[in-house]
Amino acid sequence: MRDILDAVATGEVSPAEAEAELRGYARSGAGRFDAAREARTGIPEAILSEGKTPEETAEMTVTAVETTGSALVTRADDEAAAACRQRLAEEFPDADIERDGRAHTLVVHAPSYEPPALDATVTVVTAGTSDVAAASEAAVVADEMGATVEFIDDVGVAGIARLFDRLDEIRAADALVVAAGREGALPTVTAGLVDVPLIGLPVSTGYGHGGDGEAALSGMIQSCTPITVVNIDAGFTAGAQAGLIARSVSAARAEP
Amino acid sequence: MRDILDAVATGEVSPAEAEAELRGYARSGAGRFDAAREARTGIPEAILSEGKTPEETAEMTVTAVETTGSALVTRADDEAAAACRQRLAEEFPDADIERDGRAHTLVVHAPSYEPPALDATVTVVTAGTSDVAAASEAAVVADEMGATVEFIDDVGVAGIARLFDRLDEIRAADALVVAAGREGALPTVTAGLVDVPLIGLPVSTGYGHGGDGEAALSGMIQSCTPITVVNIDAGFTAGAQAGLIARSVSAARAEP
Amino acid sequence: MRDILDAVATGEVSPAEAEAELRGYARSGAGRFDAAREARTGIPEAILSEGKTPEETAEMTVTAVETTGSALVTRADDEAAAACRQRLAEEFPDADIERDGRAHTLVVHAPSYEPPALDATVTVVTAGTSDVAAASEAAVVADEMGATVEFIDDVGVAGIARLFDRLDEIRAADALVVAAGREGALPTVTAGLVDVPLIGLPVSTGYGHGGDGEAALSGMIQSCTPITVVNIDAGFTAGAQAGLIARSVSAARAEP
Amino acid sequence: MRDILDAVATGEVSPAEAEAELRGYARSGAGRFDAAREARTGIPEAILSEGKTPEETAEMTVTAVETTGSALVTRADDEAAAACRQRLAEEFPDADIERDGRAHTLVVHAPSYEPPALDATVTVVTAGTSDVAAASEAAVVADEMGATVEFIDDVGVAGIARLFDRLDEIRAADALVVAAGREGALPTVTAGLVDVPLIGLPVSTGYGHGGDGEAALSGMIQSCTPITVVNIDAGFTAGAQAGLIARSVSAARAEP
Amino acid sequence: MRDILDAVATGEVSPAEAEAELRGYARSGAGRFDAAREARTGIPEAILSEGKTPEETAEMTVTAVETTGSALVTRADDEAAAACRQRLAEEFPDADIERDGRAHTLVVHAPSYEPPALDATVTVVTAGTSDVAAASEAAVVADEMGATVEFIDDVGVAGIARLFDRLDEIRAADALVVAAGREGALPTVTAGLVDVPLIGLPVSTGYGHGGDGEAALSGMIQSCTPITVVNIDAGFTAGAQAGLIARSVSAARAEP
Amino acid sequence: MRDILDAVATGEVSPAEAEAELRGYARSGAGRFDAAREARTGIPEAILSEGKTPEETAEMTVTAVETTGSALVTRADDEAAAACRQRLAEEFPDADIERDGRAHTLVVHAPSYEPPALDATVTVVTAGTSDVAAASEAAVVADEMGATVEFIDDVGVAGIARLFDRLDEIRAADALVVAAGREGALPTVTAGLVDVPLIGLPVSTGYGHGGDGEAALSGMIQSCTPITVVNIDAGFTAGAQAGLIARSVSAARAEP
Amino acid sequence: MRDILDAVATGEVSPAEAEAELRGYARSGAGRFDAAREARTGIPEAILSEGKTPEETAEMTVTAVETTGSALVTRADDEAAAACRQRLAEEFPDADIERDGRAHTLVVHAPSYEPPALDATVTVVTAGTSDVAAASEAAVVADEMGATVEFIDDVGVAGIARLFDRLDEIRAADALVVAAGREGALPTVTAGLVDVPLIGLPVSTGYGHGGDGEAALSGMIQSCTPITVVNIDAGFTAGAQAGLIARSVSAARAEP
Amino acid sequence: MRDILDAVATGEVSPAEAEAELRGYARSGAGRFDAAREARTGIPEAILSEGKTPEETAEMTVTAVETTGSALVTRADDEAAAACRQRLAEEFPDADIERDGRAHTLVVHAPSYEPPALDATVTVVTAGTSDVAAASEAAVVADEMGATVEFIDDVGVAGIARLFDRLDEIRAADALVVAAGREGALPTVTAGLVDVPLIGLPVSTGYGHGGDGEAALSGMIQSCTPITVVNIDAGFTAGAQAGLIARSVSAARAEP
């Protein structure tokens, strides 16, 4: 700030220019909305399709590509995905569109967009097939942030031997997202076997008392091995924080 | 009932006698209170010391020994145990008194009392040292019901290898009680490795969200491997039902 | 393990073979997935139709029959059941298919499959007609595990005399599953009258405060007579643990 | 109102007198505070000792006796009761003081006080000894309202035969209060056997999930036989409403 | 019982006859199911249409009329009501059918049925129009039990003057059911103004925190004037207990 | 900001001064901590004594008086109040100290302090004596903010006529705080009778289900007449917002 | 009242007239229902369309216009709005109809209706686009009460700089409604920056633990800066209380 | 494993030696207990003093130092700390003991112990002084894991400018732990301004609805900017996971 003010004092910068600059600084994180979010927090701004009409989702997707060159749409059903494809075909016929049906995501890259590339790995682990949707959402966002993403599924504690067979791969990660529903024990068991930052992702399976993921969440929160946790089905959040860890590690690797 | 009525018709039994008999039958479970409970349900009537003065506990203990030849006192602190010993020293100087400080129990056998002996094993497993009180209560009641009781402690999932080291012992049980607090994952993991009836016993460790055993309870209730569950810290209940299973198995073994 | 290693030392077994064998041992419980679960835990692997498309259910059913010779499908509506029948008609035209409409189950046995047969009885008791679905699911799984299954329905505590009329039958069981919704009092009352292992199965009837089975669950968990409990509507879990008790008793009966 | 206004019109009543009268009518329930409550609602105003110092309780007790000739103190420990006795000895040496140690109540009648007497019976039933405090509070308030009060204790459902032995007495009541803790099943079972208005009184026994009376409350609220319910440990409320029923029946009996 | 046994002793009664009699006594409440419920508890057995197909409801309605001469169907939508009318037109063309669209009930009386008639009044009070469904259900069951039923609606506390205008009518009741949703304050306010037994009926209006009737229920349970409470929307329960009070008062009036 | 920058450009203000000014502006609320909070939000910074040692409370009180000329201590027991008095006697022997024992507050004014004076009234209403602590805390903070404060107590809905007697006084307020525990119905009833902004203050009375103020909170949140609400026992919050309303009204009155 | 009684005494007013007058006074708030509510509480009576058929909503709308000259319909979907328009076209062809699609409201003014006009501003602030429905409902009701309404949207704390850009506008309000979902932090942050009465409006966004607005509600209730709160999505309540504050300020401004 | 088996085949390794080796591998995580935990998970094994006697804590502390050369005691009050010092003075007179009174921790290093040193920073941020205990616990564990730890306190959202003043320091961290109680908004606001992995640590301040940290936890779980979360007051967990991130970053920095 002092530099700008010195420049104003010397006349190098006009008061009007200084005001723009200083306000810009004051709000450095916000700037022009969408682009700024990613620049400020390192996490791409996602378009949550759930609760929007297919048309609204498509409209926001086009806007995102216009502004930032890319778009990440989450919780998009087939109808919303189709609406996006149609609008994109008109507006950005050359854009690269990747639909992940399990994750219910749509990732769009304009030809000019240069996606980030990190020298670090996020590994996503699931207890069973019903954890795939939330876990895949985590994988997509980490991938979009540039991490190398590995996916290890169906290693739940009901048949614990499956986990041991994959331990070397799991230990090789720079950050782990471990998804589980029902009683949600897999993150606890895994964290007792590895020395990698680990994010528990509770999944909304289960019924009756503690159903809809509440038992999994409270179990992970009470885990006797220290782990961090995100909300039930919050794949985006888990992937984004794992992506931030990968980003830090990658930057450290790149230091001379 | 028909036999008694036939006997009344033939005069073998007087109507007054028959009434006593029939009422006794009708209320076969209640009859003389304490003795009947055990006869009817196979589970000893316990004296819950918690919420009673030491004197009240001691008084009920003496009554139990008078009526049934034995007494099982639970959740008894040292003061209550001392009061019991004092009263018993006066009334039943020859009684055998066994105090389990970890389980907070006191077991009393009059010299004449012939404890049941079952040809079956109940194995009680704990995740960590803070589960010992509830688990020991389960062990004491199964022991009092006549089962051979094995105790395997500190095999929690934070260091899963400890569990594998003891698997053969665990598999040898006729019934399992598996105690765990915090996230309560041990019963789930164990049940995925054995083919023995297994009762999950959640323990009131943990704090914050899902603390006081609620996370453990809801996790066990949601277990992805089928197990049965009892209330938080309900060692008596877990031990009693495990004891009933041991009783059935023992009876089956004794069949010609 | 020592045997294998001795064999390697003597050259009887090649290192590669030993590795396969040892890894198999290390993961003895998992092996080839479906078959192993039942071998390891004594409980058949069920296909939960709820949350799957009819086609997915049918596909997994065929796979299960291929792998293990049998399949147990739960929470299958009529559409799912029809899809299974159609696929099975193509793949296993000789398979024996049993549909239980009340339990919403489908049980499939290939001609070559030899179902287990236990010398022990599981008795399933219900308070009222709305408990039948969960109770029947318990009955089907116990039956599939080989137990003799008795079903006593509509003996709820609102008309307690109905329970007394059936007490002798109830007392004859080797393991009891007692299902009840609303206030869920039947397992407590029953457990005060019998000396048989008893599993309370809360059912998701009721509305308002404590509705959807929560009052029944917490009531059973607080039962003043010791019982074990499973989750709301968890008929599979109750039947599986009752089946394990029957299995133990049957094995004891078979001991010389 | 018209009568008063007519009287004003004819000059029989002065406007000032009429205003007093009409305001009195408008606030007929409040009038002079303590006396009015009982006149208006038929339920004596009680002094809740819990949360007050012994001196405060004693002070309010003296005020109550001064104003209404009687006092009903609830949840009074021994210290509070002693403070009351001391103040009453000074102020009302001839008052009749009845202390119920189980109910933690103190009832005071000045010599001039004429207690109500109803020709109707309130019967208070308990499941076990830990229900006695709340149940006794209900009994004391019904007694103070003039009902004949019967007390039947320890007939809980763990030994259901005890209940059947007392059914005739229970059926003879004009209103029932049935107290139970833990799973709280006794009111449901009782209501299925009698045709008398029945109020369930949940008691704060039990621990863990559904403890502190919550399981009992939700069980009674879900009761499959229709009953009404009061809050946990709300003996005063249960006794007061049972007393109102007795009052109505007694008045009906007294009709010519 | 002694009488029967004396008769057996003297040969007046055969043992077989005595057994039937005694068993009948032992199960006096159950006898033949439907009829017995009402005889034993004074409350008609209702057919809950909710959760049944129209055909099932119609089938049970016909059975009820066959057995007891009357039927009370609750929570019946128009489709269920039509199915009942159709079946009844075939089986009991002369039956009297009364449909209450607000209460969602259907009451059927065979020509031979003599409904009870009580000399007592149940008054049902509502806070607003959204309470009408639950309140009407209460009114219908009290009416079916023979009480004179008065209905006073829309006197909620948001405009408290409306309540004062109807106080005389409310005070004239022998039993009150007061229904309210949202914050559920009406029963508390009313109970402070009358000396009649009062049952609070919380209604499932409201949204957000404490919605679906939970705020109303907990408010009534905490009421600073003593009232009894039933479950959310439990109009049947409220009406049945109010009907029992009316029955007792009516019987008292009929005493010579 | 432009003015400052213009001044820098013209040399009227040095860059260093401008930086201080601009940073000060940017953080106008924080500046020197305590003083700034009140300047920014209009609400005095309170010292919450609960959870602090008497010495810590006294220390912070002295600091507050040093910085702002006044101090407002809340939830101070007698010991904390004494510690404050002792320290203040040393440091500010001339300060004016006002202790409100019911509110558990201590208000300190240095001789130089000029308290605000508003031309507006905050009226605090309570349902009963147990609401006095929270209500008095609200009154103290509104008074400290300069409002004229009226206190109307014991007008709860159990005797609704008391409320009507005070309606004119209540209607004369510029802002209302209405405190109630148990079922918390008073704010709803009051809001239906007045056209003044009204803040409901739930109080932590009551026990059992919905106890500790939860029923009162959810009832006020569901109020069928629109009111705003604060947390249970949050007298400070209620008084502060009522004080802000009084401040706005007073400022409006002072407009020319 | 004395005046009327004096007039009766002098014969100026007949007793019948006086009765009408006095009863009218006694029920001054209720009188003829709809009109009286607004007169008494300053808040317009709204018609909640949710839970009503389009026809019922339209019918009540016509009645409201007939009685009071205006109508405010809330939570009305397009179908309900169309039904209202159709009925109004028949009955009040000249009425002014304003539909707010975001707020789901319909405001109707008969030509003769003179809407209130206040000299005060209510500013409604939202954290994001999903808060618009509830916030707009608040805006509509404050507008209908005559306040000048400003709307500032999308200034949530995820990009806090947006809030700072609008602070001057926010500070200029006479009353604030701040809407936020998810973690609901915006009202807390805003209240730390302004000295205006502020009402937090939690919105039912979010999923999993604390979803449906519960986290937002409890966060606002726990706010470390004092604010008042309304129920989740209770835009009407927030707008009505903000309107009352504006009304008080406007009246103060109008004082001579 | 293949290497060992090859060696057995060639006779280099005896079968007995191989068995030891392979078993050791199979249980690599457990081995000798305490040391292994840290080796396996990278997190030091802590001794939780809460719930233990001072003597027990001291005993376990000595054991830890004996086994691993260091000890980390958490939630140790002054009495426990004194007991540790006394025992350590006897057993390890040269050990370095560091007591953090705010964190309630005790860290012990034997002279021979070489603590890890990481080239990475963990920054712990607090909203206010009541968050210091939990935040300090996080700081101590991260420090013990070798991270450089920065501590920035009292930057809560009630005075948001304080946060902006420290943003540069916060952005410089490799991992952030942000602690907050009450409504817990600080982590959300912070995460919107930085691109560093961020762990929210809810603190058990607050009372009434959402008190004891539940509002803070659910708010962080619902955060509209992606963050991970740990249990209420779980400083150890937050610090351990932040430490693991620092460890990964440090290792990446050390890569050639």
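The letters A, B, C, D, E, F, G and H name the chains in turn, as written, and every chain counts its residues from 1.
Heads up, the rule we're going with is that a contact is a pair of C-beta atoms (placed from the backbone, for glycine too) under 8 Å apart; a residue touches a chain by one contact, two chains touch by 3 or more.
Predicted model only: the values in this text are computed from it and were never measured.
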{"item": "Those chains which touch chain G and also touch chain B", "value": "A, D, E, H"}
{"item": "Remotest chain, chain C as reference, centres from CA atoms", "value": "F"}
{"item": "Pair of chains joined by more contacts [C-beta pairs], A-H or B-E", "value": "A-H"}
{"item": "Approximate Å spacing (C-alpha centroids) for the pair chain B, chain D", "value": "40"}
{"item": "Chain E and chain F: spacing of chain centres that average the CA atoms, whole Å", "value": "50"}
{"item": "Residue list for chain D, restricted to those that touch at least two other chains", "value": "26, 29, 40, 158-160, 191-193, 208-210, 214, 217, 221-223, 225, 231, 234"}
{"item": "Complete list of chain pairs which touch one another", "value": "A-B, A-C, A-F, A-G, A-H, B-C, B-D, B-E, B-H, C-D, C-E, C-H, D-E, D-F, D-G, E-F, E-G, F-G, F-H, G-H"}
{"item": "Complex contact set, residues of chain H against chain C", "value": "1-2, 5-6, 8-9, 11, 14-15, 18-19, 22-23, 26"}
{"item": "For the chain A and chain H complex, residues of the former touching the latter", "value": "29, 40-43, 120, 174-175, 191-199, 217, 221-223, 225-231, 234, 236-238, 240-241, 244-245, 247-250, 252-253, 255"}
{"item": "Residues of chain C touching chain E in the complex", "value": "130, 158-162, 164-165, 207-210"}
{"item": "Interface residues, chain B side, partner chain A - complex", "value": "127-128, 156-160, 182-185, 188-189, 191-193, 206, 208-211, 214-225"}
{"item": "Touching residues on chain G, where the partner in the complex is chain E", "value": "23, 26-30, 33, 36-37, 40, 51, 202, 204, 213-214, 217, 231-234"}
